[in-house]
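The structure's right below; bear with me while I get my questions together.
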Amino acid sequence: MSKPHLVGSKSSFTLAPELLVKMHDLMVRTRSLEERLIKMYKQNDGFFWIGGPGEEAFNIPLGLLLNKGQGPKFDYFHGHYRSMGVLLTLGAEPIDALRQMKNTATDPFSAGRNFCGHASIKKWNVAPISSPIEVQYSIAPGTALGNKRAGDGLTVVTGGDAGTAEGDFATCLVWSSRPGNELPILIVVTNNKWGISTASDTQHGDRVIADRGKAFGIKTMVINGNDPQESYLKIKEAMDYIRKEKKPILMEARVSRLYGHSSASGANFVTNEEDPLKTFEERLEAAGILSKEQMKKIWEQYNEQMLADAQKVRNEPQPAPESIWDHVYCGQKGKPGRYV
Amino acid sequence: MSKPHLVGSKSSFTLAPELLVKMHDLMVRTRSLEERLIKMYKQNDGFFWIGGPGEEAFNIPLGLLLNKGQGPKFDYFHGHYRSMGVLLTLGAEPIDALRQMKNTATDPFSAGRNFCGHASIKKWNVAPISSPIEVQYSIAPGTALGNKRAGDGLTVVTGGDAGTAEGDFATCLVWSSRPGNELPILIVVTNNKWGISTASDTQHGDRVIADRGKAFGIKTMVINGNDPQESYLKIKEAMDYIRKEKKPILMEARVSRLYGHSSASGANFVTNEEDPLKTFEERLEAAGILSKEQMKKIWEQYNEQMLADAQKVRNEPQPAPESIWDHVYCGQKGKPGRYV
Amino acid sequence: MATMIQAIRMALAYGEQHLGVTDVYGEDVGPPLGGVFTGSMGLKTAWNSPLDERGIIGFAIGLAMGGQKPVAEIQFVDYIYNTIDLLKIAGNTTWATAGDWCVPMVVMTPVGSGIRGSIYHSHSFDAMMTHIPGWKIVMPSTPLDAYGLMLAAIKDPNPVMFMKPKALLRVRPPAEDMLIPGEPADEKVLKDMIDAPLGDRSAWKPRWPKLEDYTVEIGKGRIRREGSQLTIVSYGRTLPLCLQAANELAGEGIDAEVIDLRSLWPYDWDMISASVRKTHKVLFVNEDTEVTNFGEHLLRRAIEEFFYELEAAPKLLAGAHLPGIGLADALEMASVPQLASITAAIRELAAEVP
Amino acid sequence: MATMIQAIRMALAYGEQHLGVTDVYGEDVGPPLGGVFTGSMGLKTAWNSPLDERGIIGFAIGLAMGGQKPVAEIQFVDYIYNTIDLLKIAGNTTWATAGDWCVPMVVMTPVGSGIRGSIYHSHSFDAMMTHIPGWKIVMPSTPLDAYGLMLAAIKDPNPVMFMKPKALLRVRPPAEDMLIPGEPADEKVLKDMIDAPLGDRSAWKPRWPKLEDYTVEIGKGRIRREGSQLTIVSYGRTLPLCLQAANELAGEGIDAEVIDLRSLWPYDWDMISASVRKTHKVLFVNEDTEVTNFGEHLLRRAIEEFFYELEAAPKLLAGAHLPGIGLADALEMASVPQLASITAAIRELAAEVP
């Protein structure tokens, strides 16, 4: 990929142009992947699509700010099915997401077992993404305690707004704020104001979800997750506080849901929500940081790459039936007897 | 029981003396019952004791203010294992509590099946008290919706402070405050600062539990549950609001735990917590409403009654083994086949 | 000629109109969606709940106690596992109170494999559910039975678990089934009356047919095929496969009786007994994982009562004892009974000689 | 001569000192109480958690993923039923990630009847737990086995469910058991070293004996009595009762073999097979409710493999299929197997002739 030329001019940005360009690149890459996944679904190259288009302006900064590595000295990330942007930013390869979409044997996240977007990357402390809403909030405090014991690492957990109605969200607040045993954890709610077909204002008396942290003495933040610069700065501020104080923060990020809930609701682009990538591109152009031309090229490159990758994946093998017996237990392969 | 003579003098009370005398009477009755239950346990007339000594100053006013009856036009009460004072105030007979303690066949609450204090009185909308902590908070909003549809009834749910760490407490807040579908429910936490052996300030970042309602727009109150007058006035205020507005209130009542957690921790009187009944008696005497003599007599009468009742219960039959098959299903008795 | 999901929807409409159903609710159950499988589209008492399964079950118990008649939905049974304590409470309240309270509530939830649902949209629940006393448990395999069992569930004064086999929700009824009393014979006419249009449906209202009462008694199975040589007992998704296998094997001279259990608890032991006493061979088929499986209970009971009459070891064909069902075709196929494995199991049983 | 609860405590102390256990936690697990059954008294990593079972299990998964080695307690198994989804996640994480993550955690929890625990302190969990793939599951019936199984559980890289039979926690070891390696022979000496005093214990510290490694391999049963005429397979509370019944019945000329399964998953099928192939009769005993019961799985497998070798119908003796165990003596006695019912079942099986 050729480096775009940086135009140093007046801008509405305070972040360095290099960083903005990098974020833009990663956002396009992520969106391009999601759109390829949707196409695969529509072309019958996968049974189900769910993903994060509309959350790039939050997910990419988050991925950039995570301290990547394995074990409790490094940050843990407990994401959900809209988190692929975070993972790509950490360094995951788009083709691996396509593999999971196509449930190939080569899918490194689940060997063809799990839905697309349900990744797992232990070497970078990316916890397995599983379908049940909100359980990650009961689990994440555990890795945060590991972090606290090992040094300056922290744990990030994310999930949607509707899911905060599950008790696990409260569990996360309780376990993260035990007096004298506060945990270094960034508790994120990506609020798109929907749970599938259900509008949040019909269900949530807690109109500002972040306010739920206050009773626990947890510092709270509400941010515009559609603005990558604001996201970057606020996540950084939050992480600095958490690493230093070893205390939780509850952050609500307002985001968009650009292709509806999932393929079950059609996976078509919606026009009545802000597209954070479009907004960002307008600002980048206005600030003279990237030209329309340059951005178009980036899009084209990624779109081509995704298409090529998808074609490659199409020819990869499906998992063998007998593979179902592998990995019931740690390190186990094959079926030793009547049962594993 | 002979009516005590009312001395009308200056007092720290604003409630009518008749009401204060009635509350005192019911508080003594409740305490006397609990102390008899503890004695029964210690004399091997029961396997386990748990109860509410220390919560009378809250429970009796609550019982007095409930609108008793069957069905959604009337108030529902979802209590827990420290709620016997509420039930006695509604009109339950102490001897029935002794029967449950002794797990006799005559135990009207569970026919010898459940622990003492685990009552159920459908004819007065008293929901079954069950052992699992906090589940009543997930259940109570349902009866509150029944209330809302039927008229001016409301639902009261109570439980301890430690139990609010369960997700069910959050569930109760969520379901009670859905915008446009708020429920007429009084959500009570009786905070004695303990969960068995665990001090609440070691576990609860939410130092004021009632604050958890605020994010949901739920009106909150923190009251001195050791003061029967304050309890009465505040519960009344809360109920008036709920009946009128059809909206929830979250009330935290600070109470004492006077005999430890249960018989498992010895069930011995603790001296380092306020005894609300003792405080009340001192105030009643100071106000000239009841004399020491009068109060002593009330105690004696109840203590005698409880003893006599306990002796009676001792001779009542234990449940028959084959009774286990009854009531698996609504209205069913006996074992029709290989299985019920 | 309703599909099963239409039949369920009509039963709920009948329930609202005639049986006092007050609330049909759960995640995305109300407008605009009307359920992820359209099971509650257009119902007048349907509403969307918070995303909180514990709340959904708890609320149903409360509604039942509060004089209401709820039908609560868990969107996928895969998400019911944080509510087992509440299901137990619904099931033990009458017993624990020595009959004081009854808990008349219905929980409905899609179960099983068949839609490439991967790890969390493929669960079966028959094993755990039959281990929870105090409930009645049903699972239809035809639209008519779905209608009749839903009405029975609504009328029952106890908690009833209504399991909807995902794979069969859009399948047409078998030829031998009569119409649901009141439904138009033409499926297009029906669709026009009760299915919401695509796109904006805010102004849409269903026109329910003049539905009639029709109850399938809980606890009664149904012989879907009579046979003399062996008995197959199944329910839900695997039932039509058993039937198909039995019909196909008839050509090989294997004459199998196929029982649709329909009610898992209480279950129709009289029907199973009579059949096994006739055939002396029995195969139990379901798709839950096979360890501590409800079919093992039925098999144990068969052993208890017919050990000396059996002419072959009774068999269970069930799902692989694995943590999940994988997404890829081959994985799902290898994990739960399919036509081929059912056919093989029947053949094997038929061939077994003592 | 430790009791089982002392043995567990010593195993946890050994685990802290030598096996990297970082957290022993749960409700009232830390000081001052050290567990409602004293199982974690004096442990240096023991701490009290919020009253939140979902939090306890979720946190354990997180700790395991975060490089820690947790032993989490659910105070009574009766309160585990709102965490089944999380137990399933602990059990499916390795499989769902195709081996990427392992989840090395131990959950310990008291199970079963025997203390007049009424409806919510008497639950058994073997049926539901064995229906959750991906776990290992153990339940000792002697102090030595408890010690050895706890060390095995801690060393295992998978989630392990350690069920503590409530009724046996304070029982002394059987005569044939050796001492736990390192423990003093005199129970008073041991008590003095590791049991906290009554009253104020804020200054108290345990003096742990110089404990040694001793592992009971998960998946291995133990023949507690050799016999030739029939096989009894049990575990937990009912095991000593089976043993007592077998010993008493020896006088009547009934020679029963008694297998303590010890591990429920994986279980020692080799041991069961060898025994049944010898005796041709088998009785499975446990106290969980009898419908969709783990003993039904074992019985089904026996039928699958030995149908034609059995000289009597294999039997299951288990708990009544009821919503709870009642408080009154007579109710508890009538609900779960006791010495009398076990004895009767053995007699009946011994007398059965084809």
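Order of writing sets the labels: A, B, C and D. Residues in every chain begin at 1.
Note that in this section a contact is a pair of C-beta atoms (placed from the backbone, for glycine too) under 8 Å apart; a residue touches a chain by one contact, two chains touch by 3 or more.
Bear in mind that the values here come from a model prediction, so they are computed numbers and not experimental data.
Farthest chain from chain B (centres taken as the mean of C-alpha atoms): A.
Interface comparison, B-D against B-C: more C-beta pairs in contact at B-C. A separation of 34 Å divides the Cα centre of chain C from that of chain D.
In this assembly, the C-alpha centroid of chain A lies 47 Å from the C-alpha centroid of chain B. Averaging C-alpha coordinates per chain places the centre of chain B 41 Å away from that of chain C. Among the residues of chain B, those touching two or more other chains are numbered 110-111, 113-114, 130, 132, 165-168, 171, 174, 178, 202-204, 328, 339. Those residues of chain C in touch with two or more other chains are numbered 50, 52, 54-55, 79, 82, 85-86, 94-96, 119, 133-134, 291, 321-324. By the touch criterion given at the top, residues 165-171, 173-174, 176-180, 182, 201-209, 211-212, 214-218 of chain A touch chain B in their complex. Chain contact summary for the complex, chain A toward chain D: residues 71-72, 76, 107-111, 113-114, 118, 120-122, 127-128, 130, 132, 135, 137-147, 149-150, 155, 167-168, 171, 174-175, 178, 326-331, 337-339. Chain contact summary for the complex, chain C toward chain A: residues 27-28, 32-33, 36, 48-55, 78-79, 82, 116, 118-121, 291, 320-324, 326-331, 333-335. Only residues 22-23, 50, 52, 54-55, 57-68, 70, 85-86, 89, 93-104, 133-134, 157-158, 266, 269, 301 of chain C touch chain B when the two sit together in their complex. Residues of chain A touching chain C in their complex: 47-48, 103-104, 110-115, 130-134, 162-163, 165-167, 195-198, 202-204, 264, 318-325, 328, 339-340.
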